[in-house]
Each structure stands twice: as structure tokens, then as C-alpha cells.
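We just call them A, B, C and D in the order they show up, numbering each chain from 1.
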Amino acid sequence: MQFKSMIISNVEVSPGYWRMRMTAPSEFPAAQPGQFVMVRVNDAIDPLLRRPFGIFDVGVHTPAQTGAASQPYLEMLYRVVGKGTGMLSALHDTDLLDVLGPLGKGFQLGAPGEEKIIVGGGVGLAPLYLLAKELVKQSPVRLFVGGRTRDDVLCITEFERLGVECYVATEDGSLGECGLVTEALIRRLAACDGTPRIFACGPHGMLNAVAGIAAQRNIPCQVSLEGYMACGMGACLGCVTPGHHHSNETPDYRCVCADGPVFDAAELKWEA
Amino acid sequence: MKPDLSVSIAGLELRNPVMTASGTFGYGEEFAEYVDLATIGAFVTKGLSLRPRAGNPTPRIVETPGGMLNAIGLQNVGIDAFIEKKVPFLRSVATPAIANFFGNTIDEYAELARRLDAIPEIAGLEVNISCPNVKQGGIVFGTDPQCAFQVVTACREATIKPLIVKLSPNVTDIVSMAKACADAGADALSLINTLTGMAIDLERRRPVLANITGGLSGPAVKPVALRMVWQVARAVNLPIIGIGGIMNARDALEFILAGATAVQVGTASFINPGAAQEIAEGMEKWLAENGVEDVKSLIGALEA
Amino acid sequence: MKPDLSVSIAGLELRNPVMTASGTFGYGEEFAEYVDLATIGAFVTKGLSLRPRAGNPTPRIVETPGGMLNAIGLQNVGIDAFIEKKVPFLRSVATPAIANFFGNTIDEYAELARRLDAIPEIAGLEVNISCPNVKQGGIVFGTDPQCAFQVVTACREATIKPLIVKLSPNVTDIVSMAKACADAGADALSLINTLTGMAIDLERRRPVLANITGGLSGPAVKPVALRMVWQVARAVNLPIIGIGGIMNARDALEFILAGATAVQVGTASFINPGAAQEIAEGMEKWLAENGVEDVKSLIGALEA
Amino acid sequence: MQFKSMIISNVEVSPGYWRMRMTAPSEFPAAQPGQFVMVRVNDAIDPLLRRPFGIFDVGVHTPAQTGAASQPYLEMLYRVVGKGTGMLSALHDTDLLDVLGPLGKGFQLGAPGEEKIIVGGGVGLAPLYLLAKELVKQSPVRLFVGGRTRDDVLCITEFERLGVECYVATEDGSLGECGLVTEALIRRLAACDGTPRIFACGPHGMLNAVAGIAAQRNIPCQVSLEGYMACGMGACLGCVTPGHHHSNETPDYRCVCADGPVFDAAELKWEA
């Protein structure tokens, strides 16, 4: 779907991290957790390409006044890293954006009842909130979230409000445990009975570690990847990632945009 | 009165001059939601090779000022999988499908032309000669007139379908390349392919692309593309398909004034997936508003 | 500690690697209000010819996506007026002035090199070989290695000053051009000059530029320029001055990583007249912040 | 001078024509009538080049409250014709612009007392208001202004308020006389005693006609030209115009930006 979206709000939620709410067509709230959008920052050619962002939340705003039409919306949580995100952060409510989405394949929620473990690093949390919203309807959910400092740990209150149990780790110890979030994850996996299901999004190093931890323990694990994207719809082949059996002789590149961004970790090639 | 947008290229009758460029429109299906194929002149497949190709490691693309570099490395499913998995879709499409292809030797080119010639769903062939000639020490076919002549001659002998040769802009003299292809029996020329470029990640002190260099496309290259189309159109008596940085109907019409009979839309489809259709519609609107009854009257109509 | 920004090119000692590009900085005086010449490495004059040149009719410039085309036509006051009216200013400037020049025959080139060699205020010569050779049917000196060899040889014999040859990017093989110039005795190479392009005025059905084609510069060409600098730096053992789309200190440092010893800032000075000085200052800041003590350690330091 | 300017107001004064007031450094109000500025529309590379605009007005705003600092400003009057002017018209007060100027050579005012005749076509009026403001201090001033329709005749009230006598002609007769403004000009020149002095700015065809009329009658005439500009300061040689004696053998190109934009009409080459 391609649509013109009007910004409803655009707020800095932590230094360098912004949360933007914007209008969406009525079909949009059916987006699956883990899907993403491609946003055109402006109509000029600088920046030229769209920018991909996870869908942080979707919903329908019902105005207080009777008679006023209800307004479907979507939210993004983004970090300012360069030109495009810099320009996004300078936009105001009522500004318009051209949006493509929801794109790609989202998370498989798994069976009700089994423990759901969500692992997020930094702005990798973005697509996990909508996921948590769905998961809490059917299962107990734990969130393991890591960041460099406390400023990189985002929106914990929102997750807690859903009833998610949150474990926080920061590399400098400024919030929660000091260290990597994977340490807390390993402890939890040792403690938990039954097979939980892992969902992860964050820096590649973290995903690599999580995928390894899950593989060792035979725990189903889905990861949401990033990749440099031009089209977002499987046409340019810019965003690919090697599948588990990929080699130059038996090429098996998957499109992050169309085959993912969410993959079963077991399908992909990881560094040992 | 509705303006006439139809053009014919090398025996292909197109409802309008707007095609999609190879490598930017998948195999046609990917954009179904955004472009009604029946509204554009033709579409060109991703470049095909005899065997499947893995392509390059990532990163494969990077944005540059007003453009982008790609080093996909010609990843494709190979001709067999193409026939099995992609051709059936073409049957349902009432728009000419043109197969773009490339080889690493002249024999590979010829063999591909022969195989594609046998596919009824393929309306025409576009030879990408911007590939290294493995037998001649890696010199790119499309940068040497003699190499180009040989490869086009071989393809010409292998197909009776319309044969379009796609030229590389990374040459001193685009006209001599065009002439060599014309002499070898090409029915039409498409230009330009991407300009070779590079981007550097200052912090990491590395090239951004895993392949180090890549091909520049997008609005940044439009002036170079227009110049080459104009030069070739004046020198060679073959229909030309103009390519390079076309973002809207005005850009497309500029290429037609410069001498192109049709155009291809590449990078624009990434930014606006409906670009090709919108450009075709925009051309019709511009012609109507400017009292031009037939787009063919604009081909090469530049007063220069 | 203050990082060391000094570099030496062909015997010229520059306080930092930032120069201004020919044709974009007048004769040095025009920008006095915006750039303290003592803060940049060197500046290059507008291209000089033996006799004054009128240049092309207007329009001479047009903006393009991420760039601009110019067809000034090498308008300049000629060497005599240069000596009389512009050289005196150079006496007051504590920054090396490099004279850019061009001819239409090899003899003209040699004669200019001889005249410039005699001017003490000129620290070095930059030969622009992107000009048509009137004796050889208009083929551009800078697109043929043999022509380039001849012209550079003639200049080399005419001057003992540092001799920089400025390469045209409109070639199939920039490395063979660079090698020809090196063989002919060039002390350094500067690249790239502008890419030939064209812009069209759709409504008037005419080229925008009176000269029809023009030279593309600005951010749009940066990927092509970086690629060529990288290719030449690996193949030729001469210092390189990187040029093309440099807008800020990061761009400049990318060229240095690619193998350039110095850079020239062109189009950027039009958009921001203080660009050259800001780029030099920005480089110093970046080096300090990144713990690089000597900019020379970055030359060609790309890991590729 | 290069400075960051803050937009104070940006108003559409007639369909497609905008008037922008913006802050300026304290030296700016000394700009000569006829000088211009080069405006960078935004920090991105699209559009890449600065855009040249005449200086419509300069002044110093003294706030009503005592103690508040007085604010020098400049005004531009511009027509939306393409990308850059389109973007300018979308800017709001408090937005910032990077401005270079005042640039070029302005009008020579001439001797006090002699009749001053200003001829403007369309947005060519832009640099003539500041000129009129100066001229009325020393001479009787008449303005001859032409446009295609009434919408192209701008800011007449402002000129009248200065005490300038205004003659209007439109090609479609929707305001003032129907026809070209040069007809009214010729009538006035026939009627006026003494040698007046002409100042003109507008489309090239109009300037050509006015220069011819002035030359025939030996009346001093200055014209303000346009030209495609990259640098605005005499460095790129993009903006040149041929001087009176220009030929390929004896080249005499003048820079519109540095030698002009105002020239004595007699110095330039005109079409017969």
C-alpha cells in the first residue's frame, strides 16, 4: 500500500530517539508485528531513497466528540543517525509523508500458553512493541532489553503497561544490570520450564549471539534483520542476506525486505 | 482528442514509450500492486545468465548525492529457473516482456539468445554488454567496439526476435560503440547503463560496497545520459531507448526530444513504485495540454 | 596536539590539502571577503590561453539534479592581461598560486607553459587537457593517451615548475590516460574535470545551454570521481589531487583515503563561498577528534 | 556578506507572487537600490545552487516596547516559477535562510531635481521600490508598470504612498491601459521637458524596447538585467551579457552579477 500520511505527533522520547505517530488508511491496523514501512522523507531528491522503519504500533484513535470520524494511525520509533532521520526529526504535526507498507513478513506468534521471550537492543525495540501487544493476549511475555546507556533503553513503561515482565541491561550499568542483555537471557532460559519461543531485534552482533544461544538449546527463535534497501519489495536485490546453506556454488540469498525482515534464525547463516 | 502515444521499436509495437529498466522491476510480478502492466509500453526482466548467479556480498547498494550505487553482481535465477518459474506469469500479461541477459563469453551470450529466442512469451531481447569478457582478460565487452561487434553478431545469428543492445556509458566514444552494434545487426540501442562509481565509509576507512565499485544510477546521471542519447541519435540510424535518471514525464519527454523513441524507468521505481505508470500518464497529459497529437512527432525534435 | 595537515605535491609545500579548483574561484581576488587565502593549501586560477577568449554565448550554466552543467567556453583574459592585471595581486598572497592553462595545439600549450614558467608569482602549472586538438580534427587531447603524452611532453620541456596534469573523466580507461601523462613527465595528476552532459528545455524544445553540451560538476559526480582517483592511485606512482563534488571535510577525507594527496573544491564555492576554508578547518577538526596526527597517514589508507 | 536570516513574514501578495521579509545584519540597510541577494533555499543539495533576488526593501523595525532591540530587515518580492521559488513560498516565519549580499552594482541615482522615470514589468518591479524610495527624496518620480494581467501588477499602492505617480498598462486591459507600458512611456517622454532619467527592470523584450526608446532620444537609461547565476560574485562567468562593442574577435562580456545587474543601457548590446 502507498499512502500520504499526516504526522499527528513527533516527539523525542530519549536523547536522539523519536516517536512519530501518523495517520494511516483503515486497512493499516491489520499490519502484522514485524512488518515495516518505507518512508519518503521529502519530495526532493535529497535524500533520494526511502528509509525503512519498523512499525512500532498501530491503532485507531476514536475522538472524544461524537460524530467525529475515527482515525487509524501508525507509529514509528526511530533513532537519528543520518540525513534522513535527521530530517524526519525536524518535521511537525500536519506535515505530510509518503509511506509504503506494511511490507515484508512479520513474526509467527506461535502457540498460546508457551512462554514468549522478546530480546531487543537499542532501537531494535521498535518492531517488538506491536509484537508484545499481540503476544500478551495469549501467553506470558518477558522482555530482555539492552542498550549502551540508560538513554538507549526505550519505552519500558509501555511494555510494562502491557503486563510484560522487563529485564534491562546496559553496558555502562546506568540502568538495570551492567553488561549484555544476553547474560540475563541465558539465566532465564536455564530457569524456565518448557520450551519458550524467542523473538529478537537489534544490532547484528546481538542477533548473532541470541541465534547461537537459541540454536544450542534448540529453542525456536525468530530474528528481525536490517539491510540496505532501495525498493523494499524484492526487486532490487540490494538487501539480501545469506541463507543457512548459502555458498557461491549454491547461492541462497534471501531478500530481507520480501522474505523477511523476520526470519527463523535457523534458516540463516551466522558467524560462529 | 487523445494523443497517440504508440511507438514501434525494432518491430515491437508499444502502446506508449515507457518501459521499465532491467534490474529495477524484478520479473514483473513484484510491482503488480503499484503498476498496471497494461498501462506501460513494455517491461524488461532482471538480467539473466545461463546458470544461476549468487551476486555480490552485501552491502550492495548505497545512496549517493542525487543517485545510488549498486553492485548487485547480476544475481539472478538463471535461464532454467526463469523459464520454469517466471515465464508462466508472462502469459497473463498483455504487455511485451523483454528479456535482459548477459554472459561472460561470446558463446554464453549466443547460447542465451538462442534459448530466449525459443520462448514465445518473450517479445524481445536486450543484451547487456557491460560485463567483463572472461576470455579477454576481463575487458568489458561494452567498452570496446570490436568486442561489442562480436558479441552482438553472435546474438544476432542466434535470434530473429527484436534485438536491443544496451550500451555502457563508461566509454570515451559512445558513438563508435553504437555504430559497432548497429553494424553487427542490432535492431535498437538502449542507453545508458550505470556509470562506474564508488563510495567510501570514512569512519571504517573502507569502501561502502563489498564489491568496492558499483554502478551509479538515478537523477545524478541524467545529464550524461541525455548527452549520449543525443550524440547517438544523430549518428546512428536505429531506434533508441533512453535511460538514466528519468523520474517523471518531463524527463522522459526530454529524452524523446533528444532522439529516443522510447524510455526506460529504473531507479525511480524504487522511490515511487508506481513511477512507470505515472510517467506514461503524465506524458499523455503533457501531450494533450501542449497540443501534440502524436508522441512520434517529438522524437529527435530538439532544435539544436 | 594540533594535527599536521601539511602535504607536499610535486615539490609544492601546502599548509593543508585543500585547494580551489580552476574556473570556480576566479583569479583569487573575488573570494577575498569569504576565504582567507592563508588558510587554504593553494588556489588555481581560471584556465588561461594565449589570447583572450570570448567564451560561449549564454546560457552558460544550468542546474541539474545534484549538480550543474557549465559551458563557459573557457572565457579568460589571456596570458598578457593575466600578467598585467592579475599577477600583481598574487604578490600579496602567502599561498601558492597555480596557473591552469590550455591550448588548441601542442605549440600553444608549450608556449603557455614557457610564459607561465617565467612568472615568479606562479608556484605551479596545471595543464587542462580537456580541450579539442584543432590540428587533429577536434579530438580532445585528454581522451587519447598518445595526444596526452605529446602535449604533456611539450609542456614538460617548457617548464621546470611543478607540472600538474588535469585529467578528463570522459574516457574508457582513466588509468591509461594517467600512465601516459606520468610517462611524459607530469609531476602530479588532478582529476576529475567535468563529465560531458546536456540539459533540455522541454517547452522550448531546445538545449538549455547555448553550447548544447556542457560539463557536469557538483555532488552528483562525486562517486565517479572517487572511483577514478582510487583506480589511478593504485596504478600510477604520482601524487593525485582529487576533484569532483567535494562539499565538506568528510568528502575531502574520502578522496584522501582513496589515494589523493590533496583535493580541489569547485562547485561548492558557488554555493558556499567560504567552502574551501571551512573544509580545511573541518579536516583539522576531524583529524583531531579521530586522533589522527598527520593527514599524510590517511593518503590511500582505504582498506579495500 | 553571508548571513543566516530569519523569516519574519512570507505573504502571497498577488496570485503566484510573494513578498518575504527577513532579518538582516545591521550593515544591510546600507544596500544600494538595484543590488541583489543570493539565497540558499535549503541545506540539502536539491536545489543545489543559490537563487538570485532583487532587494525589494530594507529597513529597521523598531519594536513598540521600549528596551526591545531594533531589527534590521530586508524584503524580497518574488514570483514562483520553479522548484526553488516554490520551496521559498512554502517557508514560514522563524524558518532560517542562508543569504549572500548585498551583491553587485546598483542604480546611479542621478542629479536631484531632474525627472526620474521608472519602468517595471511584472516581477521586474522588485528592485525598483527601494530605488523609488531613494529617488523621491530628491526628484519627482513617475512609475510606468506593465504586466500581462492585473495580477502581474504588484505593489502599486506602496509606490503611490511614496508619492510616485503611477501609470499602469496590462496586455489584457484588466488594469490600467490595454497594451504595452512602453506606449505610455513614449507619450510621457514626448510631454516632459528637460532630460529625464530612465531606470528599468523587467523582461528582456521590454528592456530592449526601453533601451531603444532612450537611445533614440538620447535619454540616460539604466537597466537591471537577469542571467543564470552560479556564484553571484564574478567567479564562474556564467551570467555574462555582451557589452556594446562585443564581438568574437574583441570579446567584451560583462558579468551581470559583478559588473551589474544594473548597467547603463548604452554600454550593452541590444537587438535592433
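Keep in mind that, in the parts below, contacts are C-beta pairs under 8 Å (C-beta built on N, C-alpha and C of every residue); 3 or more make two chains touch, one makes a residue touch a chain.
Since this is a predicted model, take the numbers as computed values, not measurements.
Between the contact lists of chain B and chain D, the overlap consists of A, C. Between the chain pairs C-D and A-C, more C-beta pairs are in contact across C-D. In terms of their C-alpha centroids, the spacing between chain B and chain C amounts to 34 Å. For the pair chain A and chain D, the distance between C-alpha centroids works out to 55 Å. Distance from the chain C centre to the chain D centre is 36 Å, each centre being the mean of its Cα atoms. Taking each chain's centre as the average of its CA atoms, chain A and chain C sit 47 Å apart. Multi-chain contact residues of chain D (touching two or more other chains): 45-47.
Residues of chain B found to touch two or more other chains are 65-67, 218-219. In terms of inter-chain touching, the protein chains here all touch one another pairwise.
Against chain D, the residues of chain A that register as touching in their complex are 44-47, 83. Residues of chain A that touch chain B in their complex: 1-2, 40, 45-50, 98, 100, 227-241, 246, 248, 251, 253, 258. The residues of chain C lying in touch with chain A in their complex are 65-66. Chain C contributes residues 23-26, 30-31, 33-34, 46, 52-55, 58-63, 65-68, 70, 72, 75, 218-219, 247, 267, 269-274 to its touches with chain D in the complex. Those residues of chain D that touch chain B in the shared complex are 45-46.
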